[in-house]
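Sharing a structure below in structure tokens format, with a few things to ask.
Lettered A, B, C and D in written order, each chain numbered from 1.
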């Protein structure tokens, strides 16, 4: 097994390390600037291993330097954390977010207001969203669709350390998704806004020409556009296999956007460029297709417009090496919606839940994905209590709701925790550096005040968030609030 | 060549048959009840042959019994028509009509008004529409999509001779088209009508379960539905390869409705049942697909959301044995629309015309199709002069506009006339009995006061319409007016 | 007291009339054709009197001929009804109905469907509605607004005895109300229907030119139109003092339609022509105005857009000789709506109920009015249980809900019963012939199986409905169902 | 005559003043700091006087100090302007502007976009708009309706000299007008925006509680609100006598907002507080009413929903001492709109123009008013050429179109110029200091390169704009562009 190979790196020291903590073996330890030692913690390292009690972790240069169970002496470092009574686990990874407010961009949800207010500050919004995500323990997000310029700008600012925030892997525009003033978002948005404004935003969103016109183009022209796209500095690429909102909420159907041969070509270009390919599907047939084509990550693949997937398809999913990134909801959220007859109940309940339950039972690859985004303070005030309770699309907090919901749907706590850490890294092929607490990997780790294996909701009991080997001042986030502060008066 | 073989059936008699017309060779002719003789006419028989001048045609038992150029003596019959100075040609066939008012069923066009007013009389509407069609010389129509019960009812009533009207070949519901109160027609129609009414009409339209839910079903379930459909007494079957109005007018895109393998299955079932398969496409890629799959008739296949088809696709169309049923518009119609910036201008102009011109130049199979329907008198009053001039969707008259428009787009008059007669029959595999004036075929023939080869618009100069060997009293049509009479007051 | 004068007409006979019933004093009674005798009933005669037990009523020639408490012998007649154990009271009168479906004519409620389906049958709809009303015991309705031709047609057909139904007093069009395809009903209706249809219906509704254009006219032109109106054969006239739906549901405001001097002129013409004037108000200021101007009947005058009326206005209402026709709702209806947050809850609750309670306490003139109309069977199926329970706008049944609601709001049962009988007749000046059970008056009377003074809801326990001295076969109503039968299929 | 008294102040000097200009009589003149001398100009002083040629004007301390025709020597000053060949006239006054973009706040015109983008900068927008107005020669504007805080803020900033701009007299909120997210502007705006945002803006607009709830209140409560309003530091007050957009564009009617007695009370409070009262009317009857009540300024009083005003009303207008502030349009604008069937053509044409022509002929008091506002650069790009040509609602430039349109409608050039200067000052009671070029008045004056009496369009040939005795650097305006600069990208 792949993960078995990791175990030797965890040394087992003497049982009385703490008792000798007052006598550190100083000649052996050089305390590096910025180093962090976490001593005496229970480590859930994100693998299949059982928890390691009384474990010490040394972080140096942003990476895990040493991990040792019951070391002879506690680790020394520039910062020493007494982890006794706490639990450590890898920072969460979210396989599917959209840092800008995709929700408000849909019809009747304040989209024009949002775009007009924040035009020119979209990069700042992405950063603020990445901070909200980090604040709640998600150290890495995969943004599978947002306009190229602001999301890449935010990614780079965070990577360079100019801005604090969750690590972003970005897809830029989605192949075959049009801008906010189109059928994909605000169907009649152009009847309410100026043309220049709408054109500006649509072209920003679709850059470099990946919008709906692809559906009408000759296959060679589509290939040219996708080739141009993968040659930019995006990290991943996403394809709309079925349409966006045109059908899902309003019409309860699912159109296909591309023919089989065009999809083959897109897959070939994207994966040929070494990028992981993410799919958006919303029906039985579209899911079947992307499995045949070899998708890497399939977001909300349990969604089928409330049609129960045949068992044969469930088995096909389970046998597939690609990863599903399903969107379960907690019972509390679902029941709240159903009690008031809310339209959203259709999303996480009924056949969608049934599909997911069977995928879990069948042993399918499933990793954490929330589709979360950051709404403005004005927008948030519109939500009812039912909409807000365990809202799966809350950045950061949504990750924890995902864990809870997956356990309610059939995962063990251990499966859920791996699904939210190691498995996302594997799905995206970054498990050589992220997703587990292992020597040599990037030091993204969260410390909890309660045992997440006892109750995955304990992941919300955050004591510390460490990303890239730095303790984050989560209380200070977001440090440049834009959407989360009151609108100005006059 | 197939059609070369037909020539011998046209006998050449003496040059002075008319001079001896006063001395018929009575001993050789038994005048059958209901027989019709047309003497001395110029016959354009719907084949590649040049016109036959001074020709006599004998119709008996609803069929062409004898056709002879310059016979020794004029033919005798129960009814004798002096055809001198006139031109005869086969009755027109229209490869694509929808006898009910599909136009009014689209958003904002009076759809609820239409359905509420005529619910319970839809069969009568179909019959009235078939009469309008016949009145203007179209003796056969292929209704490629209308609710099963009224259209089959009208078809049977006409076939049994209970009602006069164009011969109808009917597809019933379209595979993958939803009812009037859905995204396919009146997107928000349900916000304006009662649920019971909407449900009733939708289920009528979609029977036997061919609506949009097919897009969400497992391939086996789709197959079951289509199988059930072909086992009814429909004559042809139609598939929505791309979506209906969701995208075309409002959004200028084209979604695919079915995956490639589902389409293959549908084609297999329909064609396996011996039915011709008609496709609705609206993009380059969807057209390419249905050619690969072997469609029989491709309606408005020149429509590509104003994207110019690559030459390679035009060549593929030209090499294909299936038939295109394009929708050209006359210059007069197009220029009128463009002058007022009318949205419809997008339909017949630009790339759509360019596509069609190249198809004609490349020698593609192209036959007459109008997509015509019958609107109510109230609805018709809403049209502006620009909308009404050469309106291609006028039942009956639209056939003549098609001929004119095709000549303007590159057809010779002879090609156009064949396209409107013989070629439709070939496309649908009924050329053994319809489409040309040949001995033994069904006697559908129209007599004109001017030469249609000189100007195809002369087809409008109808002198007589004969269908099934009976002279139609066109002035009396429609004989049970429903939609074409004034609404009642109070 | 005005009504004291009536008492002597009620003779008191021997206490043992029934015991001698087998020996009728035949020499004294000539049994007229069609006469009806009701013997031994408890009579609530619609006045301030206490109930008269063991009373006999003789109906001849459509009128009450004799009314006698404990007569020596039971009355003889062509039809003899043993009323023992039953209760008799005058047939109900409803001061405000609209027999056509005004509700469906408002936005999003199926208005186009209704009009298109029933155009040409509106008179029949009025008759059917009058039958529904009669079926539940309301023998007279005041239709305060419906298109002239159908409502007058129905009125006359009923008056002539051609059709059974509640007696109709009709206002025809409302002064200052526009047709169904205007802001007063379906604000954007014209975007969904043909122009000819909309024009036809609007002109029918507004005839003779009483629509919204009055708001823009010179005072003399307004006067001409109103004069023309009162010279037709309408029975009453109604004025829209405030706007119709433009503001009430959607905008929660109330615009004035006419200036003070124009209103004065309208009042002068209407009342000068001997017609009672009915007002539509929806605000404090508009109610204040119509009191000053001397309105006869003020429908839903307790409605003030949920603004609490000042006590001074309540006192002004109480001191006014004109009659209010308020629309209370039952607690059950109101609580049902509130529980689901229904918009209608705003109509009968809050300040509107508070206003009405204070009017009752202050002793204002208040009579029965329901604003009821008849919806189609398709439309009715759209209602939720909360909307249907005690729905005040149900024709016929709504009258009983009114009685219950008024008792819940502060009326005594006796006040409620008088409000639904005698007081409506007084309000409209027809108490010389309608509204009470008195000798010489028209014989409209209902027989109940339980005491309405014990519980006004017992008015629903109808045993017999007699109108114009004829026992109505209520089970057979409506006898020409139009809106209450299923839509036709195909 | 009132204005005759002014003439003596204009001294007549020697004819050769210019010839001796090189020898100024220095001992008699003390040159004040900031003083301006304009020599040799043709002065149209804004009164009934004929133009004064070769006139010199001395401006000191922001006021006109000396005005002399053909003075012996040219005037000396800190700044000396050689006015030969030029024409001087008072700065224009506009009796009706709304500096914020009322147009965009109406439905479908980008209102949400505008408010969301500029919330927090509305005062800056007002200032920018005042600069646009000043840039084109309008030195004083009467803002008859805009939210109190931004408009009063801008007024004060300009008055204090902190910001350059047209002098503003401000009404603040309009009595009886609701905020942007109501029926008065964006009827369904709340379906597209967040509640907090909408509430914030509505309350800003309606402060101090002058919105539509006044229509529902008791007269005493209305009086309290209006009293509170006039006690703030507003300069003028405006009343919505008829409704705003609810009816005008969409429904072509005009509702009354207040009863006669409530209007009387409002007039009494406003005029009793010494404020001029401005009315918004849109019908015959509402205009008649405000004349009876004694309005001071009646904006667009020629608008009557295209109903021709009776001659009796025109005569009443002419006999009235109050001032009309009509909105004529140029022939060019009107013809452009009519050619494309534009809805705006209804505004300035037909009966509205006819009404105005008759008012002019009858000698009514009429002064300049444009209803102009400032739209964003994005919004402006939406206009078609027809909408932009002589657009009467352009701030600043609209004043000149008004002059041209009034001449086309019947004014003499002299009447038009007085209507745009002196008469506005009289209408608002500020003619003691503004509106004419007279000694002692505020030095608002514009210098033109061509004779405005020859062609009033020459007012656009601005050479200099002087306000408060200061030459304005018009090229630099607006100096803090907000709405007139490109939107930000990303």
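We take it that a residue touches a chain if its C-beta (ideal position, glycine included) is under 8 Å from a C-beta of that chain, and two chains touch if they have at least 3 such contacts.
Model, not experiment: these values are computed from the prediction.
The chains in contact with chain B as well as with chain C do not exist; no chain meets both. The distance from the centre of chain C to the centre of chain D, each centre being the mean of the chain's C-alpha atoms, comes to 55 Å. For the pair chain A and chain C, the distance between C-alpha centroids works out to 64 Å. None of the residues of chain D touches two or more other chains. Judged by the touch criterion defined above, the protein chains form a single closed ring in which each chain touches exactly two others. Note for the complex: chain D touches chain C at residues 182-183, 212-213, 215-220, 243, 246-247, 250-251, 253-262, 283-286, 288-289, 304-305, 307, 309-310, 313.
Interface of chain D with chain A (complex): residues 108, 110-117, 119-123, 147, 149-150, 153, 191-197, 200, 204, 376-379, 381-382, 487-490.
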